[in-house]
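Each in structure tokens, the structures are laid out below.
Across the two complexes that follow, subunit A remains constant while its partner is subunit B and subsequently subunit C.
Right, the complex of A and B next:
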């Protein structure tokens, strides 16, 4: 048993790139679900169009890096409009079905052979992060204490990533304190009452969908920048589901809930996965093969999610009165 | 055509396999990865008096993950294919293809309808939009596979066993899980989110036991096709359509005529009123869950029979089921049926114009457009949507 590797990967997971990517996705979901009560099950689609927006502008169209970021953000905003117009007038289940279907449409289009010249088929696109790492102020080397530490590239990504995460938290904090945020929470509690007060519920919901999608889209950027590539199958239903697990784990409608949730989620996910893999590799669990560790890890997330919702829907920091799951 | 040699290579020319067709003229090549392949028929190995239609002996089919791709080499008597006749073939082949695709669409649509009926009944009686319904479909197929391959039982009894087991699992699921949640007063939105967790749990458990590869049942794999009018298909597809229709009719009649069916419709309309008029709501819901699980399993077996088995098959068809249900009107059993048929036929026929890999995209786009213009679906009522 290689406990040191398990320990270091687990500690790295607490502040690593997965936590940044999923933390951002979860902050977006928190705006949708936690504050406004919208069930957006297509968060992965926002991240996918962002990642692909950046990748395709830089690699296929040879545009500069910052234009690529703008293209990604614009794509997310357009997606929010397309999703929102047909569904935000309808009941919650319709938004859920449409967003999950839209995420699948986006994934199928990105991976299709038909559009291979643009999106690169199931291999995706790579080689668009050179400009990002060219801005790296850290000299080459390793930064850290003892066995824990990152190379200069990861340090740069994590520095930018956590700055963006904290900025997003600040934005959420300020917005939700503002009158605008109070309207969102009121929509979550009782849409009709808000409408009776003369507010345009549809417009508020659309703004919320767009804001959350754009924050989630930064998660898509960081995914692409860290891995140096985007593949269509990464942005599947599981990604959205992880973001929901993180939001509910940390506590919905809390500013830092998604961030803390992402840390705890990835620490547990990496720790359980690596421990199981080590146990299996050393023959302690004879009925399992190493390939089976993957599915069992995902199955455990599903189980944990069910238990969390049944036993403690408010998560760690949440307030039970602020959960939109008993509405209508 | 017996003994014709067929060479399969990748798009770049890397050889994959060489096969010789059997007595029925059928052949089968398993490929590792999806992608474009080049299939060449060796003209020297076919009889002297025949030639490939139009002189084309090379095809480049695109194989997608988990799906079979069919390559047919029509043969004409040599010398018979003149210029005018070829034009006629081109004409009829479009309509022939359309008829063929419609037939396949009906098969797919009926499979979707089986899934949609269960989903719709459960939604109607409990208000739960069950995102784990696709996994019930996979589960049925995988259980049948386990009986069929693991215990070497012929597919028909294996399928019956699978449907029975899946019905029992549906009962158990309501008895020990969803029913308990309802008793706790969990809201429908909470249950819907929980159902996604259930879907992830089941899907990965299935992958744990079944693996990530694509499989097929041991029976009815290599059936010689029969031709009815413009349609040519293996007899299993005709049987599948027959069985699916029969089950749908029986369930429909049961809903209309039997006491339980009437009770189920009463519960869908108004659970409180149904309870106060002496209907045991919990019992009705449990029956619906049992039936829903069983017919979902049948859909899974049929899907595995007409395509192949994979742990994501249910997840993939779930969105089509949702499209069918939404098109027909959420919560209406007969709407679900019509909607599913439309979706199935639409998907298959659309491959005349769109690449086959994008056929589901069209169906899902239709789902969104339906919500834009007629959110209550074909048979739905306005009040349900607001």
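Right, the complex of A and C next:
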């Protein structure tokens, strides 16, 4: 049993690129679902248009890196508008249906043979992160303490990634303790009551959808930058539901909920996966083969989340009183 | 108008304004704040609201009553922008309001509450109150990010909210979640929150529904108080005792239309109102032939009773009663 590898991979997972990517996606979902009560099941689409916006601008159109970032941001904002205008005036469940469908449309368009020259079909696009790593101030080498550490490229990505995560948390914190955030939370509770107090509910919901989408789109950027590529099937519904799981784990409508939720999510994921793999490889679980580890890992992670939510239905940072009010 | 209010007392002024008015639906008022013309709302084949003309007197408490399904709440929804009328116009302070979305109606000074109380459960009582304030600069996205833009205004709003909470005896609950309040307290909170808007016209949709009798008195006091402060109140209510107690004028709706208006003391003896509530012809005399038949039956029953006391009584009277009912239908 290689306990050291299990330990290091687990610690790396807590602050690794997946945590950054999914943490950002979850911060966006937290604004939508946790604060405003919007059931956006298309968060993956915001990440996809951002990742592809950057990738296509740089590789196909030969535009500079920063223009690519702007294109990605603009694409997320436009997507929010397109989704929001027809659906935000309707009841909440319509948004859920439309967003999940829109996310699949976006993925299938990126995947389609017709647009292969632009989006690269199911292979996606690669080779757009050179400019990002050219900005890396870390000299080549390994950075860390003892067995824990990252190479200079990962270190650079994580530095930028965590700065963005913390900035997003700061923005959410400032907004949610402001009167603007109060209107959002009130819309979550009862939008007719908010309308009856003279607030333009539609405008607030649109702002919320845009803000959450744009924060989520940073997740899309970091996914592309770390992997050096974007493929359509990465941005499937699974990504959205991971983000939802993270929000609920961390505690909805809490500033650091999504970040801590993402850490727990990936720690559990990596720890259970690697421990199982080691146990099987060393013959401690004779009835399982190494191929079975993958699916069993998902099952066990799911079980872990169920147990966590049984013990703390309000999530890590949630307030039990709020859950009690919900039950009325 | 306002000067009169100050000298003679709002209640006296309001009642003086109604003194010589005709008891007709749509009667013009001396100083209307809200004038409604030809508002129609249909749901498929059902005409829920068809109000040809109605005016609401400024500074008064007007009750809107009517049997279930009369269209009172639908009418409220049209006026406040929560539902779109199929046709019609209405002006508030002379300003046309039809087609305006709900939030703009509120900004114009016309605020409503709901039949099913809408407390914002997972916000504290104080946050509920603060939400009612208008023109808070921190409610715009970019300014929200910089607290110095809105901090001062927020303090003023909080101060006003606390005054209102104290008036409504909710100050002890200020930091509790609104969802933890009792039904009656939620009604109070909703009314207090509506006052944060600084409205001119307060529209209360069944403010007493589901409130225990002890709290009813307190709510009644608050409604009267609104008039004292120069606001106009229009409310929907079922409880006639309450209507009689606090309203200056009563408008009666039935089947979507305004069928009668009048002061609360006499409105319930108005024939049109009795018909609307109890059904027309509920006590109308039968036709002559029916009357003769009924008389004949009753005589026969009496006769039978005289000849054979006890045994035939129930048998002979029961069918007679049945036929009477049938003819009535």
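Quick note on the criterion: the second predicted complex is superposed on the first by the 301 of 328 C-alpha atoms of A that agree within 3 Å, B and C clash if a C-alpha of one lies under 4 Å from a C-alpha of the other, contacts with A are read in each partner's own complex, and residues count from 1 in each chain.
Everything below uses one rule, namely that contacts are C-beta pairs under 8 Å (C-beta built on N, C-alpha and C of every residue); 3 or more make two chains touch, one makes a residue touch a chain.
Since the model is a prediction, treat every value here as computed from it, not as a measurement.
After overlaying the two complexes on the shared chain, residue contacts for A:199 are found with subunit C alone; subunit B is out of touch.
Of the two partners subunit B and subunit C, more subunit A residues are in touch with B. By the document's definition of touching, of the two partners only subunit C reaches A:180; subunit B does not.
In the superposition on chain A, A:207 contacts subunit C only, with no contact to subunit B.
Looking at the shared chain after the overlay, A:241 reaches subunit B, while subunit C stays out of its contact range. Contacts of A:189 after superposition: subunit C is touched, whereas subunit B is not reached.
When the two complexes are laid over each other on chain A, subunit A has residues 325-326, 328 in contact with both subunit B and subunit C. Looking at the complex, you find that subunit A touches subunit C at residues 171, 174-175, 178-183, 185-186, 188-190, 192-201, 207, 211, 321-322, 325-326, 328. Within the complex formed with subunit A, the residues of subunit B that make contact are 34-36, 62, 129, 131, 181, 184, 186-190, 192-194, 196-205, 207-208, 211-212, 315, 319, 322-323, 326, 330, 355, 357-358, 360-361, 364-365, 367-369, 371-372, 375, 385-386. Residues of subunit A touching subunit B in their complex: 39, 41, 85-87, 89-94, 96-98, 100-102, 104-105, 108-109, 112-114, 122, 237-238, 241, 244-245, 291-292, 294-296, 298-299, 301-303, 305-306, 309-310, 313, 324-328. Those residues of subunit C lying in contact with subunit A across their complex are 80, 82, 101-104, 106-107, 111-114, 118-123, 127-128, 130-132, 134, 136-141, 143-145, 147, 150, 154, 177, 179-180, 190, 193-194, 196-197.
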